[in-house]
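I'd like to ask you about the structure that follows.
Letters A, B, C and D name the chains as they come in the text, with residue numbers starting at 1 for each one.
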Amino acid sequence: MADAVIVVALLLVAASATAAVAQREPARQALVLSVLGVVLAVLFTVLQAPDVGLSQLAVGSALTPLLIMLSVRKVRRQARAKDRAR
Amino acid sequence: MSQRLRLWLLAVGGAGVAALLVAACLDLPAFGGRRHPYGERAVAASLARHTANTIASLNFDQRAYDTLGEISILFAAVLGCLVLLREARDEHRAQPQPAEVALPVRRYALIALPVALLTGLYVIAHGQLSPGGGFQGGVVAATALHLLYLGADYRALERVRPLGVFDVCDALAVSAYAVLGLAGLLAGTAFLANTLLPYGTFNTLSSGGTVPLLNAAVGMEVASAVVLLLAGFLDQAVEIEEERGS
Amino acid sequence: MHHLLPLLFAVPLLGAALLVATGRRLPRAVAETTGCAVSGATAALALVLLLNSAPPLVEWVGGWRPVDGESVGIVLVGDGPALGMAALDSLLTLSALVYSWRYFDEPPRGHAGSYPALMLVFQGAMCGFALAGDLFNAFVFFELMSVVAYALTGYRIDEPKAVQGALTFGVVNSLGAYAMLMGIGLLYARTGELAMTKIGRGLDDAAGQGGPDALVLAAFVLVMTGLLVKAAAVPFHFWLPDAHAVAPTPVCMLLSGVMVELGAYGVWRVYGTVFAGPGGIPAADLTRALVTLGVLTAAIGAVMCWYQRHIKRLLAYSTVAHTGLFLVGLGVLTPEGDDGIALYLLGHAGVKAALFACTGALLDRFGSVDEQALHGRARGMRAFGVMFAIGGLALAGLPPFGTALGKAITEEAVGGPLTLVYVLASAVTAGAVLRVTARVFLGLGPRPEDAAYETSGSDERPETGRRLSRIPDSMTAVPAVLLAAAFAVGVAPGLAAVVARSVNEAGSGGAHTSVHWTPHGILLGLVSTLLAVGLAALAVTRPRRLATPDWALPLRRLQSGHVGDYVAWLLVGATVLGALTLPGVLGG
Amino acid sequence: MHVLPYLVAAYVFLTGCYGLATSRNLIHTVGCLAVCQSSTYVLLLAVGYRDGATAPVFSDLAPGSRPVVDPIVQALTLTDIVVGATVTALLLALVLQIAKRHGTLDPDELRELRG
């Protein structure tokens, strides 16, 4: 039973990692990365690593995507300001 | 270099590394094996020092020096980000407009905030007993503070987040960790030796000697580091603008 | 005494924390004085420990001394080479801080302490990496060192080149670090240990009579990839010129003078303690891999160095060429080779840092580091001209500089055609430096014309806010002292013997070697110096004859400044490394 | 099942490398680096797993009553995760400055450092 859950979690990790690389639009990539974070947290929990799962949840699915979103926002705002100045 | 050449290189290099990794995987001990000599020693050492969560014992006692290196990475990265995201010569700050927030969002954020903050603190405090600790709790508590940005607006966030104080906290937390290490040295044992305090009763909040103290220092470091990092990025995203015409 | 080892990391860290905590209120002069004082104190501590490092100091952090040979803690190894690297990086950090004394403009508003604080953390990280006896601990300090270096490289945020170079540096080095961590994971899976000596023993036990298998090979390749990225061996080297050419000058002194060399040191340490046993990588395979990559690195570094006009980039490529030479010397796995490289590295650190310091003075005086734009303009800076020329000659291996002694001993150890590589690589890089001296400081020769595909150094901003009309004394004194130190390495009586003894004690089981000047070595040193002077003279008088030939253009095009290219090269490099070490694994 | 977790780790690493090499946007590049790093977490935790074992937390588990998984790799992964987040932050800060100074985030259009 545990084995089956681990296999599913592993395959989900592989799939969401592929999606995170394939999604070339940064704002959407941030969302996919946070999905990857959640899936990894699940995998770590079934691998009996709750400590790691918890920090992956906090860092991988919240903090990192948040930083990416803020960067995207800054770049967009800058592009808009440039357009207006023109 | 052309796109095509790069893809060829990537294919060659990728194939080589893939072959290497697959061959290595086939030689690895089968998944789920029983032989973990260092792990078993670590569990025994953790129990001998009355720390219920072996991970906490590893991070704050047996391999506490790694953790010192790790919070220094955090400390250095925050310092680096503040330097890299400073206002350049040709930039200025613009006051952000107060934004209208939909009522349900505001309600949700303001209710979730104290809950998340308390969860963070609880997770920090129980680091040596249950899963969690300074890292996880610190990130949760610091991120929670930013619900204020979602619920109210940027200026409300700026009021509850005096950056100068967090700067000092950031530095103090790292110093506290290092000074606790020095205390071990001065007491005549070794740097970061966990021999200063009694190990306490197994499975209580004060068990584990200096583990709870180091854990608290890490919690403080992580929380202030995350606040400062997010502040740097928010500043860029909301406030700092380039001068017109440059 | 051994209890003091962790302080080499803790003291600069505490100093940095102090600077950050008080940074908002601190006047600049106080912040910089504090930085120098803490850095100096750490350097003094490193020197004291170094003098007491025979027999080697071993410290179990947290007092987790082994019980029945097993420990759960982290071990620090303070032997001669480790403490020597720690002392070298501390002294170099101190000189970089003195060099930037009141020189760096515009500390970020309200953060007067942040630049010295970053430098202090950098110093502590390099000490920590040098002392690490535990593989994961080495990774942690490797990352700390890298993170600080990215921030320092991008310090001048309004320079487009600086931020681009820093990002390239960051992406490539982080990827290298993750490869190294995967390697550590594989080694942990096989042996269940993290201390380097225990991993080595574990590999030998696991192999039994069989020798290494694919897992050991993969772990070796991954760990070495991380370290060779740091050491900038071809084809992992692309990030280095991009980063070193754009970083602030005092940071360049550290990056080129000691951080890259720490990568080579890591290769030596990790191979010697982890992979040297019967269960590791056979010596013949390591020699094949390191000598091949080293020769390639030296050749490409030297050729690219010759064709640069951006002076900092030129010096960066000369660092690439010299690390190639270091790798060859370490790769032959003889005690004499190790001794020679240790001395070469000490001399090179002083010379290279001094050359960067002189270039920084040019940048701040003229707002340019372009060889062609500066043609003849620095005639008035006589002291710097003399120091630049001396630096060039020392780089070529003019006796009795430390570089010459180290090179001579290594040449003897490698023997045969590899000697030629040493003579040529040092002559070409030194020739380029002397050419710059002749053109910029003496104004010799006609002004050359522009080529198509290259980075010019003319629209750079001085690092001092405004151009300096007079170079401060501290900026003149630092390169002079560094050159004097490089000279002292070659002539100080008994120093070479002490270095050799401590290196052999740590590396080759206390083999006895005699290291001293030989007529043969002096002759080779003079030959490469003459060659360098001749090349420089030819380039200045007949610039057309040595213009970029067609065969060198594709080589220059490889350096495209594109992160994606560099990542692809990193994978190719790992594959090449694997292919070069494969025969021993198949044979075993 | 014996090697699947290791193969997944290798796959994720190489996928991330592919993304890094072919990326057309530097923010995406940094995201791909985070993907590369997550492969190290998977590898480390897979190495430490033990069949039928539980987490090494003894607050409601009598010591010795059940086997536990290897705590070492968990401590290492924890460190690794924090390192990853900080590296991401630092690189994103650099990316923001590149966007300002070069006006583009496409690595193909950054032409300052060549030769």
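Note that in this section a contact is a pair of C-beta atoms (placed from the backbone, for glycine too) under 8 Å apart; a residue touches a chain by one contact, two chains touch by 3 or more.
Given the structure is predicted, the values throughout are model-derived calculations rather than measurements.
J.: For the interfaces A-B and B-C, which has the higher count of C-beta pairs in contact?
T.: Taking the two pairs in turn, the one with more contacts turns out to be B-C.
J.: In whole angstrom, how far does the Cα centroid of chain A sit from the Cα centroid of chain B?
T.: 17
J.: Find the geometric centre of each of chain B and chain C from their Cα atoms only, then give the gap between the two centres in Å, rounded to an integer.
T.: A distance of 31 Å separates the two centres.
J.: From the mean C-alpha coordinate of chain C to that of chain D, what's the distance rounded to whole Å?
T.: Each chain reduced to its C-alpha mean, chain C and chain D end up 27 Å apart.
J.: From the C-alpha centre of chain A to that of chain C, how far is it in Å?
T.: 36
J.: Which residues of chain D are in contact with two or more other chains?
T.: If we look for residues of chain D contacting two or more partner chains, we find 1, 4-5, 13, 17-18, 21-23, 30, 39, 46-49, 55, 57, 68-69, 72-74, 78-79, 81-83, 86-87, 89-90, 92-97, 100.
J.: Listing for chain C: what residues touch at least two other chains?
T.: 136, 140, 143, 147, 150-151, 154, 157-158, 186, 188-189, 194, 557, 560, 562, 564-565, 567-568, 571
J.: Quick check on chain B: which residues sit in contact with 2+ other chains?
T.: As it turns out, chain B has residues touching two or more other chains at 6, 10, 14, 17, 21, 24, 26, 28, 36, 38-39, 42, 53, 55, 63, 66, 70, 73, 77, 80-81, 84, 88, 131, 135, 229, 233, 236, 242.
J.: Each pair of chains that touch: what are they?
T.: So the chains that touch one another pair up as A-B, A-D, B-C, B-D, C-D.
J.: For a test of understanding, state which residues of chain B touch chain A in their complex under the given definition.
T.: So the residues of chain B touching chain A come out as 53, 55, 123, 131-133, 135-136, 139-140, 143, 146, 226, 229-230, 233-234, 236-237, 241-242, 244-245.
J.: Quick check on the complex: what are the chain B residues that touch chain C?
T.: Residues of chain B touching chain C: 1, 6, 9-10, 12-17, 20-21, 23-24, 26-29, 35-39, 41-42, 45, 61-66, 68-70, 72-73, 75-77, 79-84, 86-90, 164, 167-168, 170-172, 174-175, 178-179, 181-182, 184-185, 189-195.
J.: Help me check something: in the complex, which residues belonging to chain A touch chain D?
T.: That would be residues 2-3, 6-7, 10-11, 13-14, 17-18, 20-22, 24-26, 29-30, 33, 36, 40, 43-44, 47-52, 55-56, 59-60, 63-64, 67-68, 71-72, 74-75, 78, 82 of chain A.
J.: Which residues of chain C touch chain D once you look at their complex with the stated criterion?
T.: Answer in residue numbers: 136, 140, 143, 147, 150-151, 154, 157-161, 163-168, 170-171, 174-175, 178, 181-182, 185-186, 188-189, 194, 241-242, 245-246, 307-308, 453-455, 556-557, 559-565, 567-568, 571.
J.: Help me check something: in the complex, which residues belonging to chain D touch chain A?
T.: Counting only chain D, the residues touching chain A are 1, 4-5, 8, 11-12, 15-16, 18-19, 23-25, 27-28, 30-32, 34-35, 38-39, 41-42, 45-46, 48-49, 52-55, 57, 68-69, 74, 77-78, 81-82, 84-85, 88-89, 92, 95-96, 99-100, 103, 105.
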